[in-house]
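If you scroll down you'll find the structure; I have some questions about it.
Note that the chains take the letters A, B, C and D in the order they are written out, and that residue 1 is the start of every chain.
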Amino acid sequence: MSDDGRPRLGVGMVGHAFMGAAHSQAWRTAPRFFDLPLRTEMTAVAGRTTESARAAADRLGWLGSEASWKDLVARDDVDLVDICTPGDTHAEIAIAALEAGKHVLCEKPLANSVAEAQQMADAADAAVLRGVVAMVGFTYRRVPAVRLARQLVEEGRIGTVRHVRAQYLQDWLTDEESPLTWRLDKERAGSGALGDIGAHVVDLAQFVTGEQVTGVSGMLETFVAERPVASSSSGASPAGLGGVAGQGRGPVTVDDATAFLARMSGGGIAVFEATRFATGRKNAIRLEVDGSLGSLSFDFEDMNVLHLYDAQEPASTAGFRRIVVTEPEHPYVAHWWPAGHGLGYEHAFTHQVVDLVEALATGTQPAPTFRDGLVVQKVLAAVEESAADRSSWRDV
Amino acid sequence: MSDDGRPRLGVGMVGHAFMGAAHSQAWRTAPRFFDLPLRTEMTAVAGRTTESARAAADRLGWLGSEASWKDLVARDDVDLVDICTPGDTHAEIAIAALEAGKHVLCEKPLANSVAEAQQMADAADAAVLRGVVAMVGFTYRRVPAVRLARQLVEEGRIGTVRHVRAQYLQDWLTDEESPLTWRLDKERAGSGALGDIGAHVVDLAQFVTGEQVTGVSGMLETFVAERPVASSSSGASPAGLGGVAGQGRGPVTVDDATAFLARMSGGGIAVFEATRFATGRKNAIRLEVDGSLGSLSFDFEDMNVLHLYDAQEPASTAGFRRIVVTEPEHPYVAHWWPAGHGLGYEHAFTHQVVDLVEALATGTQPAPTFRDGLVVQKVLAAVEESAADRSSWRDV
Amino acid sequence: MSDDGRPRLGVGMVGHAFMGAAHSQAWRTAPRFFDLPLRTEMTAVAGRTTESARAAADRLGWLGSEASWKDLVARDDVDLVDICTPGDTHAEIAIAALEAGKHVLCEKPLANSVAEAQQMADAADAAVLRGVVAMVGFTYRRVPAVRLARQLVEEGRIGTVRHVRAQYLQDWLTDEESPLTWRLDKERAGSGALGDIGAHVVDLAQFVTGEQVTGVSGMLETFVAERPVASSSSGASPAGLGGVAGQGRGPVTVDDATAFLARMSGGGIAVFEATRFATGRKNAIRLEVDGSLGSLSFDFEDMNVLHLYDAQEPASTAGFRRIVVTEPEHPYVAHWWPAGHGLGYEHAFTHQVVDLVEALATGTQPAPTFRDGLVVQKVLAAVEESAADRSSWRDV
Amino acid sequence: MSDDGRPRLGVGMVGHAFMGAAHSQAWRTAPRFFDLPLRTEMTAVAGRTTESARAAADRLGWLGSEASWKDLVARDDVDLVDICTPGDTHAEIAIAALEAGKHVLCEKPLANSVAEAQQMADAADAAVLRGVVAMVGFTYRRVPAVRLARQLVEEGRIGTVRHVRAQYLQDWLTDEESPLTWRLDKERAGSGALGDIGAHVVDLAQFVTGEQVTGVSGMLETFVAERPVASSSSGASPAGLGGVAGQGRGPVTVDDATAFLARMSGGGIAVFEATRFATGRKNAIRLEVDGSLGSLSFDFEDMNVLHLYDAQEPASTAGFRRIVVTEPEHPYVAHWWPAGHGLGYEHAFTHQVVDLVEALATGTQPAPTFRDGLVVQKVLAAVEESAADRSSWRDV
């Protein structure tokens, strides 16, 4: 992109595994399909070593590289820090970046504990007074079908929310010989399915309904208590999900699965489930919302589709409509392809960049905020407390 | 049912294999769920031997039995003759019954040739002047979802019909060692997939659109030219579909599959396909109708569902609606179960009895008439002629 | 059916509303499609008045009628009493019938309380010593796709059960002006969605997995606390679901919806939901079971279909198979129609009759037993207790 | 990408509308996710004016721009010419590029006539002797689910092909007031639905089966003969599909829809349909292939899914498997995201670049060749001839 008079936004990214690849694709692609109000520059990426960072920069399209996130944060030509590392590092990096006057985009979960998340939200509140903004990456909000769902709820199309059914189903741990990775280590990951994928469906449910979870009753389960030690714990697979068995076995210290009941602030009830043991479900994020006037249904396995039931239609022709969310009238879609040409997983990351850059250019607060991330963290913590206390109710 | 003042309708059925079982279930069931204006009596069933007829009567719930259809037609206590035999016998029985003053319900296809069908339609026209009516059994018209489709077209919900896609897909001949049965013998069956199942989709397409096929270009194919001779050619299996291999091989003299292009009287174009080689499709009757204002889609594998697309909805919420056709507002449904409790294959036969009895009681002509059956026969004949002449166009 | 040497089984039915109609269709139909080892006779039906019973007998095909269930139970020509009345009457009738030496088929839920259910199970245990058997009508077990699911679990096809997701979703109370019926009255119905439909999914989950629910954490919700008083509380609509608004409003004393977490005896976790507020879902009984080797998925809205995922297939061709459960190889199906011709809601009742009669003829105990019904009742009671105590865990 | 020792491949693109945007995204993205054996450089894009070309270069990421395709072809630093213009310009540009020693990637349809396509194929044959290769852009071949379908047929998983059902359904002309664009002008577009989208399904059917269409019987239809003249005929909308009504009406000189029967070289029969009037279908490319041992089904509206029926499975568990084609074992997928994270429309263009670059690096002929494109063109021409001659059969 030529120097065309738009203000420049220098971006620095920390981490370059699965999430780093997705974020890089977004930074590369957003200016090609959207008219961004800022001239984004992929200034530098930080890794753990000079070599790994340089290789990542070359592969992912960053102009420079740094062997330490601190050096990245210190650079004058970096205006925004994009944090793509595991959750245990988020608080330190994000707070440092905000204090250094850098805008922050931080991957979810915001942190591995409520305490850290609280510090981050406080830091974000302080920063905003200085014109520095922070946003947490609940990317699925920006899948066009999810955004459309939100719009329909906002317009009152389904009335008062009675039921929420939200599931995030994966199956990559079904094999008992699948090795340990950092995602199964409480120190690194904070929790298992709960924080990694449960966080997403809590956010989605709150986002789509526009309501808050007010209390929960939960359970956690670890089906396979020990697993083979991976030969490398570095998350070297592209997705950071795999691993290769090494010597001996080690304990799984996080949950394999969680389920919890909840109440929503609007009076409805909700059921949540997140698991890595739903054999045959690879990345099934399923959300159903039943209201007094209609219902919505979404499944990420068919991500370009939203189902809408309108109870105000005559009974003889009422039915769940399969809306193929690829029309120019749909959120984000007009910038891509003609109707019927579906988008993929990574497009939501591009939309995230677009929304963030537009907020920065207009001086508005992008959502979800760190405080939104904190709210999710509190829900997850309440689930853990409830699960530890015979599933008894916990207000959030 | 007690003698309650309603006029009596004595029914005699000819044939007691697959179709005879379905019709019997309908005569038994209709008065239990619907308030019929006539008191139907299952007077007698005719078979080929005294023993087989008697056993069938006992099993299927008929009061009496006859070893010959002629004796059945001659009975004074039989007011209506229900013909469930193969197509090569339809003309003789139906014409005799009509001439004897009996109403006739005749299974499809009306006949094995246009000439026979013409004679039957003429006989029906003559009979109606004497107050005797005839109807052909295109039962799928009375599946609630199909009837609803017809209603929606009639109400103008999809506008001018542009496209019809109609397929009847089965796979019971995929196995090359599946033996010969009467259905593969041109003498008995008239044709193969074309007349047996193609007839259904031609009728369905015409019924739902309210239009006529005006011309065709067709092809026929017999994939497996010879098959093992069945040890019994009697269609002894419950469905009349099976058979057991005997000695030697014999020629298949009918088509395994057919496909044809067509034009509809309203200006639209149509594509038809009927086959017994669609591996994995057991009884998939699929009908799609695209109009200027909307579209309909039906698949008998999901028989309680009709899909409707309304192009007049805003683009952002338009989509195919999955109408579960089990509401009291839907055709026939109020007489059965609460919403959401689906019907099965044989319910359409019960609806056929209901519609027929109501027409008889009110002195109106039930549809489809023998002339409707003749029209279908002419379409099938045109397909055969076209197929024999390099697929060149044939007006119907 | 002629007197053909088979022993006679005289059946008396109590109640003739929605369930009575379904059971009657089963008694009428079973001997037409299945070779029953006993000659079933539909001896008499009992109602609340002479007139209503007589009219029901005529409409539903029963030879005689009684104005009191006690008279029915007292008849020498009644060998089996089929109880189709609301749950608050089950215990009295069933125990009396068993003590009178009559076999009993009792609709679900077995009773409105654990105490009553316990008495019934005890009575059944005592009766069996005298050769008298009892069975409870969890009919959905006999939908062919559900029976197939059970078979596949039994054969080890999905391995160790990790997850159960069971929902029974209806929407007939979504309209806040829908009137009060006996089903919303705790005195008559015992509970709301929990006992009426939640009972079904608890039984289905236990049946398909072959496991027991060992503990629960639950919540109950009544979204609409008051409703218009129906002009008639008699459940006069065919389904017993409807009603017509009368004067004033009255309290809803049962739950509109329930959700509960559970643990299964095999180590898996389960999530249950039952509601009458799932807008757009008419009778969606959904069951997903995820095991270590595979998964199953069923939805009654597509009742002839079972989805199976086999994790032992190569990853490149693994996928949920849509098994259309209409093959002769499938449970019950060979007695009906050819492959691809689906069954409907009421066929499961016919299968129930078939299984019961075969058990009676062979002197084996039919399942589900009253004790199975008691187990379900205990689960429901534990859910109520947990819900009343901040969702804290209750062992069953 | 740094200069890393890999040979350089300078790419020049002609045209920058819908297809140009898709190809640019592919050239930008391929080296980020795949290890390309050549160092691709987006050297220059050619447009019709200096300004439009320069703006396109900036927006789409090309280093330079040219106001004429001839200047682009003449550049020494361009090794490959990527042709994204309408079909009437393909022959001239492609032949000139090949003669100038440039490799060519040419969008489909190869040309607007058989004669032109023949010249292009001849030019490609001549060029290959000089080490210059040509490829035509039937991109849908590289959707992972389609590629998997091809693999399964090749492995014999579905046996002998009996049936092909191939449809390309769009609805953007349903509105009779939708204006004229170059796509409705025979001079520019060659044909309507037939060449634009029918070409795709002919190629897909031949690709997946590995067979040729040997003859056809076809029909063409123009439902709306006149349309409003667009204020701009330049295809200014991103997709080149839209347009804005100007003054007066003009004739539509191409087909709105086509349907044709065909025979395949392996003995099976096929039915093709392509239309812009299938209300509610936006870009539904549907392909069903039924073989003696199994069947496949694909719909681009659910592009990450392939359905496979394996007739060799036991009848009780046979069913169409819904293969979610997002596993590392699936074609192309390992380079993208973890299992369950679907791809979108444009990914197939990236795969096209990858396959082309790998062929160039290894000196092998990439497929589909210009001769493959010619074969498709001949099928389309045969359909037109048949349609003009009462649908009579035409061998290809």
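By definition in this document, a contact is a pair of C-beta atoms (placed from the backbone, for glycine too) under 8 Å apart; a residue touches a chain by one contact, two chains touch by 3 or more.
Owing to the predicted nature of the structure, the values given are computational and were not obtained by experimental measurement.
Chain pairs A-D and C-D differ in how many C-beta pairs are in contact, and the one with more is A-D. Equivalent interface to A-C within the set A-B, B-D or B-C: B-D (over half of contact pairs identical by residue number). Our note on geometry: subunit A versus subunit D, Cα centroid distance of 35 Å, whole angstroms. Taking each chain's centre as the mean of its C-alpha atoms, subunit B lies 42 Å from subunit D. Centre-to-centre spacing of subunit C and subunit D amounts to 54 Å, using the average Cα coordinate of each chain. Residues of subunit C in contact with at least two other chains: 281, 318-320, 324, 327. On the side of subunit A, the complex with subunit C involves touching residues 158, 162-163, 165, 167, 171, 174, 176, 217-219, 221, 223, 257, 259-261, 263, 267, 269, 271, 273, 275, 277-281, 290-295, 309, 311, 318-320, 386, 389-393.
Those residues of subunit C lying in contact with subunit D across their complex are 148, 152, 157, 307-308, 314-324, 327-330.
On the side of subunit B, the complex with subunit C involves touching residues 1-2, 18, 21-22, 24-25, 28-29, 32-33, 58-61, 170, 172, 238-239, 241, 281-284, 300-303, 324, 326-327, 334-335, 337-347.
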